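Order of writing sets the chain letters: A, B, C, D and E. Residues in each chain are counted from 1.
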Amino acid sequence: MIAAKLIDNVWATRKAESLNGFKFMLAEEIGGVHAGRRLIVVDIISAGIGDRVIVCTGSSARRMLGNDDIPVDAVVVGIIDEDCNFG
Amino acid sequence: MIAAKLIDNVWATRKAESLNGFKFMLAEEIGGVHAGRRLIVVDIISAGIGDRVIVCTGSSARRMLGNDDIPVDAVVVGIIDEDCNFG
Amino acid sequence: MIAAKLIDNVWATRKAESLNGFKFMLAEEIGGVHAGRRLIVVDIISAGIGDRVIVCTGSSARRMLGNDDIPVDAVVVGIIDEDCNFG
Amino acid sequence: MIAAKLIDNVWATRKAESLNGFKFMLAEEIGGVHAGRRLIVVDIISAGIGDRVIVCTGSSARRMLGNDDIPVDAVVVGIIDEDCNFG
Amino acid sequence: MIAAKLIDNVWATRKAESLNGFKFMLAEEIGGVHAGRRLIVVDIISAGIGDRVIVCTGSSARRMLGNDDIPVDAVVVGIIDEDCNFG
């Protein structure tokens, strides 16, 4: 997984029907030599802008949605505790 | 997923039979330290050159096509709203 | 998918039995900030050295071979038209 | 797989229910041109901070957990022997 | 797939039970802009240190092992002929 910070919402009115109702957010990788890499993630655990999160990617991301037919490859699976100073 | 801008069409007359009828486009990643990375994507939601899109990659891309047997690993799953200034 | 140029053949006499008969080629990514990245691809649509091709990677690559048991993660799925000046 | 060093624990009280009970750790890739890349991994073989480990990623990571429905894409599959000076 | 050179053995006494008996080696990517990237691979075709090999990654790597339950994401699938001067 990747440690990332949620930095904004992403709005896409025209999208795959199966994506209706999902919240898309812009995440930026934190820490390490890949810091600053950006990806768009789906959040279903009520994370917010500014939160540091754990992002799961690839086929494993679909396991978070309980439906293997959804075209999503990056999902927030956890919110890092505010008092967790790792790294 | 990746935020990318569609910058051109890609034509390939000789290709896998299962790819006939699909529209291939050149996308360029926007934002973050990987900005400028290019990939070829399939579009089935009528996106056009200049659009900023959400690209889903890997096995999840096949979920967009409703046929798990198609050799495609990157698909446009949404078109980012024109008035969405993220990042 | 990735736009790449086929630049050479790769010969491997000792290999997995399931790979017998497949043609391996060296491909170099073209365009974008990852230009120059190299990968070894399987070609089954008679592409040749110098051709610009569309390369599909990951589990989707196996869909091109009609056999999900073959240990291959990158396959040529299309040959870009010679008169296609994209990017 | 990737050779990485475990450098810290990562705590996330709010997370997917299926992740309860798993230990998350911060790993940093060692060796090669990607040294310093960081990822969050799950450990179920009692590795500790400072250990050099073998990290398996992607769908293969789920094979380590004996449950294909868990949204995890990076797992410690081995602890490199202390007296193994590779590279 | 990736062209890589095998540069050392990697020993991990404590590892997933399903990995017992497998030989782990350190491989370094050769050629292209990612030359020098390192990964740990499993070898079951008797490759040795110094050999240039074809490495298959991701879910496709498991196809080489004849058992889809093994947590491995990179496997040697071929040994490049000594007299093959590609690239």
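The working rule: contacts are C-beta pairs under 8 Å (C-beta built on N, C-alpha and C of every residue); 3 or more make two chains touch, one makes a residue touch a chain.
A quick map from chain label to UniProt name: A, B, C, D, E = Ethanolamine utilization protein EutN.
Computed from a prediction, not measured in an experiment: that's the story for all the values here.
**Student:** Both chain C and chain E are touched by which chains?
**Tutor:** Neighbours common to chain C and chain E are absent.
**Student:** Cα superposition of chain D onto chain E: how big is the rotation, rounded to the nearest 5°?
**Tutor:** 70
**Student:** Distance-wise, how many Å sit between the C-alpha centres of chain A and chain C, to the nearest whole number?
**Tutor:** Comparing mean C-alpha positions, chain C is 31 Å from chain A.
**Student:** Express in whole angstrom the distance between the two chain centres, defined as the mean CA positions of chain A and chain D.
**Tutor:** Spacing between the chain centres: roughly 19 Å.
**Student:** Which chain C residues sit where two or more other chains touch them?
**Tutor:** Counting only residues that touch two or more other chains, chain C contributes 34, 58-59, 61.
**Student:** A student should be able to answer this: under the defined touch rule, what is the ring order from chain A, with chain D coming next?
**Tutor:** A, D, E, C, B
**Student:** Okay, in this complex, where on chain E does chain D touch?
**Tutor:** By the definition above, chain E touches chain D via 7-16, 18-19, 24, 26, 28-29, 34-41, 58-59, 61-62, 68-74.
**Student:** Under the touch definition given earlier, write down the residues of chain C that touch chain B in their complex.
**Tutor:** Chain C reaches chain B through residues 1-3, 31-34, 45, 54, 56-61, 63-64, 75, 77-81, 84, 86-87.
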